[in-house]
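Both complexes shown next keep chain A, but they swap its partner, so chain B is in the first and chain C is in the second.
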Partner chain A sequence: MTDRDAWEPEAAPLVRPYVITKGRELPDEEQLSLITLVTAAPADPRRPARLSPEEQTLLDLCSAGYLSVAEVAGHTQLPLGVVRILLSSLAEGGHLVTRPPVAPAALADREILQEVLNGLRAKFG
Partner chain B sequence: MTEYIENPLFWALLVAFVATSTMAVRQRRTVRLLRQEIQGLGERYTELETGYEQSVRAAQEQAEEETKTVLKSAMRTLQGLAAEQQLVLSRLQSKYGDSAMLQDLLEIDHTNSQFGRRAQSIAVLCDGWLGGRRDTASVYDVVRSAQGRIRHFRRVEILSQVDFGITSRAVEPVALALAELLDNATSYSSPDTVVEINIRTVPKGICVVVDDAGVGMSDEERTRAEKLLSSERASGVAGLGNPPQFGFAVIGLLCERFGFEVSVDTSSPYGGVRAVVLLPHELLTAMPERKAPAPATVRTAVDAGDGPEPALSAAATADGLPRRRRKRPMAIVPGSAPAARPAVRSGSEQAQIMGAFQRGTRTGRATGPEGADRTSSTRGASSEGHEDS
Partner chain C sequence: MVSAPSLGEQAYVRGGATQTAVKILVVGHFAVGKTTFIGSISEIEPLSTEETMTRAAEAVDDLKGVQGKTTTTVAMDFGRLTISDRVVLYLFGTPGQQRFVQMWEDMARGALGALILVDPERLADSFPVIDLIEQYGLDYAIAVNHFTGAPPRDEAALREALDLLADTPVVTCDARDEKSSAAALTTLVRYLLDRAH
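So, the complex of A and B:
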């Protein structure tokens, strides 16, 4: 027995991911992409007891504010697709609010940046 | 008297009498001998019979043992392969987690778990290997693990949770026994019904109650199940029928070996079978720590203010939207954090700073008019303290 145990590889996780997702399908890419932002629904003070520990963990993660799906997945040890399935089911259950990702920044105008750069160069360059 | 003696009839009678009595004596002796012989034969027969029975039993046991040994090692290989494949699948699932392939990987994983469980059950019947070592796990996770080992796991619903863990030694046996119960429950109930699991704390430990909405068991089936669950079961793989019905035999063996109890003697409120697994205190521990690093680390990161998104819990606008918090100054040079600076500046430092400030304002004023053609953005952004270059 002991020599057997010696070469025993480490065991795979006890609870398989398909059980964690309850056999649900992957959500659509449009519905929940990697950069979709999620946060816990504000009007949900009583945490439903029926949620699995993984779902609770995800809700805890999201309770601090908007996080992207990719970030949420990064904080768990679950495969990304599994996190997406869980998040979408939480959103369906009304525990999560999703928001489409912020449009790639209209924050800084390229021309202004260029002018700043020119100005800096003129002064110090 | 003399006349009697002379009477030939007397002599004839006498002779006859003597002859008869001798014969009688001889016969009696023969009878005795015969009786003895019969008794001896009888004894010998019983002896032979018991001998025969013994040797048949011995042969049976030996055959059973041999079958067990063969099956055990065959199953050991299969179990090893299934476990190995499970590890590979886990790796693949994290590797291809964001692709559509994950769905297929999960399906393969499911099939593999069922396959592993079958091999494990046969191994248990052959007193074989139960699987790799497991960490302490929560009762809920053990139940879910069992759920994952059956075909129709989607029909199983866990309705309650308890804050208890199962000792590492009992994790696999309990999961396997529960999987067999769930397999029975889902197989003997119609596909559109749900199998409910309730986990309850009772004075003796914890009960896992499995209710199905099937047709229930007939008296005969119930008797068979109870016999297999009790200690009077016939051990071994023989007599399991074809197709073999492992379930209760496996559960009975596991109960005996690991000290938990399973009973199926009540009906579920849905008309099917109610199976109750009683886990005694010896098999229970405190709730294990969850491995996921999740909330704590995140919270500290948020508090430090250098997370991807600053803390928002405290600040939210009236309509519930998070309020943006001012970011802290970015530290370009490591170690130049404001906290490292002494609270009270020395005189020379003070002078230096004031000097820089003065130089700055002076250059600002000096370059003001000639910079009018430049855009306002560059002017405002002029730097303090760099002017001496």
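So, the complex of A and C:
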């Protein structure tokens, strides 16, 4: 393994995403949107985790509660595309629980908008 | 190496197991106050993230006419507001540049609507972002941010300059003020509700 500290600082972001995603394809965007909520699944002893350090880091971050995909990217400072790939790999492996956002078909739903409006009024008067 | 930030309890979505997320966009031209707006009402410290390929565009932004501003948003920033036990609202902010196409698609898909921040002294700078929002078919309201001591522009003149529909809401807003930002957001949501069937 090369000594990463010896790298040119600006070279790292160009190389790392491909390396840490092992060249995997971007996942279906519908599957993991910016606001899909994710959390670590309870560990399954019959399914020992063989995770890359980056996957383990994301899983650790997600173990204390739910975060949106965008928040995972924001907290780790990883590009969104990279985070999506790692998270969907974790989800496929059964290590991550995902909660999709409100389905586009339900967006015109007055109930949701009414709830948002009520919430804003309650919070800010 | 990926850092492993350890987050406090309040960083996580309250009642996440029963929550569904929705989002609203907070858009506008360079330095119009998007990050300030999101920061004024978000319950978390605003976060930012970028798509993989946006760095090349970083140096291009026009810094003219903006004083005391040393950094710019490369991609998007966002905040969060827990509405209830069922709904958590995310606010995503981004500048209007068409070149961030992938990011715009990600942000616009499934958004409830958009709040467009406008500086009345730089109206023409808002045209591209209004075009983009219309292109993505999102309903929107206009929030007019006042920066100078100049007298507020006549609303009719502003509507005409921005070529707004008669029912598009226009509110004035100080993005630094929580109540003022919340009022602008509330105006947008009330409008979205009126338009929902």
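Note that the second predicted complex is superposed on the first by the 80 of 125 C-alpha atoms of A that agree within 3 Å, B and C clash if a C-alpha of one lies under 4 Å from a C-alpha of the other, contacts with A are read in each partner's own complex, and residues count from 1 in each chain.
Convention: a contact is a pair of C-beta atoms (placed from the backbone, for glycine too) under 8 Å apart; a residue touches a chain by one contact, two chains touch by 3 or more.
No experiment lies behind these values; they were computed from the predicted model shown.
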{"item": "Partner chain(s) touched by A:124 [first = chain B, second = chain C, both, neither]", "value": "both"}
{"item": "First, second, both or neither for A:114, with chain B first and chain C second", "value": "second"}
{"item": "Touching partner for A:63 - first (chain B), second (chain C), both, neither", "value": "first"}
{"item": "Touching partner for A:50 - first (chain B), second (chain C), both, neither", "value": "first"}
{"item": "First, second, both or neither for A:82, with chain B first and chain C second", "value": "both"}
{"item": "Touching partner for A:36 - first (chain B), second (chain C), both, neither", "value": "second"}
{"item": "Which of chain B and chain C A:99 touches, first, second, both or neither", "value": "second"}
{"item": "Contact residues of chain A, present in both the chain B and the chain C interface", "value": "4, 13, 17, 20, 34, 39, 53-54, 57, 60-61, 64-67, 71, 73, 75-82, 112, 115-116, 118-120, 123-124"}
{"item": "Chain A partner contacts - residues on chain B that touch it in the complex", "value": "83-84, 86-87, 89-90, 93-94, 96-100, 102-103, 106-107, 109-110, 113, 129, 131-135, 137-138, 140-142, 144-145, 147-148, 153-154, 159-161, 171, 175, 290-295, 297-299, 302, 308-309, 311-313, 316, 320, 322, 374-375, 377-379, 381-382, 386, 389"}
{"item": "Chain A to chain C touching residues, read off their complex", "value": "4, 13, 17, 20, 29, 33-37, 39, 53-54, 57-58, 60-61, 64-68, 70-71, 73-83, 99-102, 104, 107-110, 112-121, 123-125"}
{"item": "Touch list for chain C against partner chain A, complex", "value": "1-5, 7, 9, 11-13, 16-17, 19-23, 41, 44, 47-52, 55, 76, 78, 80-81, 83-84, 86-90, 92, 106-107, 109-110, 112, 178-179, 182-183, 185-186, 189-190, 192-193, 196-197"}
{"item": "Complex interface listing, chain A residues touching chain B", "value": "4-5, 8-23, 25-26, 34, 39, 42, 49-50, 52-54, 57, 60-61, 63-67, 71, 73, 75-82, 112, 115-116, 118-120, 122-124"}
